[in-house]
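Chains here go by letter, A, B, C and D, matching the order in which they are written, and residues are numbered from 1 within each.
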């Protein structure tokens, strides 16, 4: 019997498999394909203080082994989440983590203060890396100062586990990671999407209404694994790895590179049951290689 | 009859299709598959002052729609190029561009001074973005100061066309581009490879002897197109686009995003005749859409 | 309330080529399980395996469900690499399908209602199954099918089995010459119009319906990713200014809900 | 001097399954053109179309060229997704192939030379064509084939058509029990050894050859990209400390050139 449970500091997960924000809705959308109680946890859609309509259509373009999105944090706002969504999903026995976004530092703080009333929310993922919004988002995530500013402000307002989600669109992601660690982050998750673009050559215009968007999917995996490896060597807090994980083998790449937990994102769009398969494949690998505890493999490289 | 000829400042190309350094050897390797005289030009392997053995094997790993390489600028040095290779290839009627690398600024300068004696070499591509060497390489390409230092030093020693090849592993490639423009670059080419990593899960070790390597191939195209679009808007010198171009359609994405010329790289490994097809496909597209001059499409977005 | 969704491996039992642009695939669940209850107007998400250039699933509307043979019919237009791959599937080939998805056309009809089902190009696909369902409900649906020319009028004989068929072709090579909105069918007074086809056609039909104050439902198509309402990529702006997912709130909308 | 290289679409005329791990593909140029002159020990680069997870070509050594049928034989081991895809190719399927690549085994032999061709696992592949070529040159090549067990001894009957065959299996299920280097074949004095197989086996054979001062050529395999000497990925360090491309300077090396 392999032990898959991991600890992100004070946050205990029954297994290292989480779902990435914005790719798994609020969990319910996948209930027909996934046993939500089997997940290590699921990270719900990016939540903001006010409701957001997001960007105009078109918001998606398929690319080689990947996709671009420009959703732009469409959501009904934190109050709606608290009143209407949380009551429905708090039944699930997996960790429910809320991804928090804001256009200014105060927004992040206020959203987290409101979430403090929800006893099933043991962790927030602070998104300072969304490439698809004009204000806030990636602007904070691309400088050590900006990242630290958000992290330390939230730290004062939020007593439970704080994950900070990092942008890969930087020269040194290790520096940003150190900055948020110093600012009080309990863990970091990476990578958010790479800023990309695709052109509809026949119509001579970009595929996305926003011209550029966030690249995700298998295509970005090598960049993500590299950054996880760099960050895991740079900080002492736990690292959550994501970026193009399609199967258990991919998940193990991140774990061996230094990730204590992983998030499955775009793969959910192609196989809505993929998270269950990934848990099974990680287990099989450990059994085959005689690994009794998944933690033995974390950062083995 | 469509006009495909383009001008990179003083450098005239019969068509916008170049081959990327390190993917096309010295041209000869492809002579059985390509009419080298039909190319806009070919950019020969990264050349350094001293011979270099490059990195240890393994140097390559396949990734989703891409590959990682860690060749590390293996080459016989500029003197060998001048004495043994140049005399063989100077017969070709396409522009021959030498990609120049160095571990210090003086190296770049000396190599360019030596190349000045070769009358068929109308341009050099200054590589400040190789991710696979310890000294120099990407170190220069990730700061405006480093990039400008190399560019201005070479500018003094090299009177002909100077292309500076930019690294995508930065927060703002537009800033780097402006810096090298101010330092006297005649054009910029981008993107070099994204720093990536792949793990051999069964053996619990990285696939590459250097752990990390350069990601290229179709997977990186969306990032490359985005950066070309950003840089073309930021500088007034011509932009040469590359990164995952597999066919004429891909080439046109870069051209419409702002590239005056393009480089074909990894695709040469999969279809050694791909450059000829790309020239044909660009021509067909222009004919079909009634474009008389390819320059009409440059930066149309 | 959305019905339960399934992910099934399905086996190709027939692949009929329709002209150079279209293919009709018939699929049965590989494990022999019965196809889930599916409403007319719902769609499926098809995995495109073994295609270097296709990463995501492709949404295809349900053309027909043959309960006798427990088979799903998909009318596919070769729009790109993914759909080209799909139409090339040989008999016996397995394809992974997620179904049923979306809301479907509303069936709150009276047997006395006169119903016109207007389709253009590959947009005729969902109207076949809808026609059968409306007959089951005791109605006598009529079809108005539009296309560039006779060659693009798809599955005509199948529609004629279900009800009266009017045709319009732009070149006049079949039925009346011109756009569907100019077809004499519109001289009749209908109680409801169901429409699926190119956006300009649907908007034109919606305009006619609005002017004549006829209930009109359209089935929208756009660039989808998950098909489950999770990714929020396939949004359409409704009349109230809010973005909704075509994959879950649609693909069928009453044109009153849309800012048309 | 390297011979001219071609990129050809080739049609699968036969695909024989050899156990669970291997496949034997026979291919002919789709346009009917004659196969280019190919030396024993050369290899080809095969494109893997329609595989989501395979991006690059796969290098496969020439197993045999049947001039009578103008067909190329490839013995393929299912090492990963790419080769698995290749071995699944059905008859009539088209595959794009670049050939001939690499240097090949040296043929400067005297008819009186005693030659031992040592192969292990899928490494036996190039030795079949080599055996035929050596017979053409008037020699009587002998084979020493090694494998884990009898089931992994590939194409035995084909080798027996060409010359005497010694076998070694680790479990003793065929031929002599143990490694090839322990085979009684080595009691004979050979003038040259040609070897292809797993690295440990080739190094062991090279050691034996060195000790007995026998000329020894090995065919190396490593991770290749272009196969043309352009990418410099597939390097091997030679005795002189310099990195050379296995795809152009090799795949065949005289063990004297290697730091073994």
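Definition applied: a contact is a pair of C-beta atoms (placed from the backbone, for glycine too) under 8 Å apart; a residue touches a chain by one contact, two chains touch by 3 or more.
Fair warning: this is a prediction, and the values are worked out from it, not measured in the lab.
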item	value
Longest centre-to-centre distance from chain D, chain (CA-based)	C
Chain centre separation (chain B, chain D; CA means) in Å	36
CA centroid of chain C to CA centroid of chain D, Å	54
Distance between the centres, which are taken as Cα means, of chain C and chain B, whole angstrom	47
For chain A, residues contacting two or more additional chains	63-66, 217-218
Sites on chain D at which at least two other chains make contact	52, 54-55
Contact graph of the chains (line, ring, star, complete, other)	ring
Pairwise chain contacts, counting only pairs that touch as defined	A-B, A-C, B-D, C-D
Residues of chain D defined as touching chain B within the complex	4-7, 47, 53-57, 98, 222-226, 228-237, 241-243
Residues of chain A defined as touching chain B within the complex	63-66, 68, 142-143, 169-171, 194-199, 201, 204-206, 211-212, 215, 217-223, 225-226, 229, 244, 249, 252-253, 256-257, 285, 297, 300-301
Touching residues on chain D, where the partner in the complex is chain C	49-52, 54-55
Footprint of chain C on chain A - complex, ascending	22-25, 29-30, 32-33, 45, 53-54, 56-67, 69, 71, 74, 217-218, 268-273
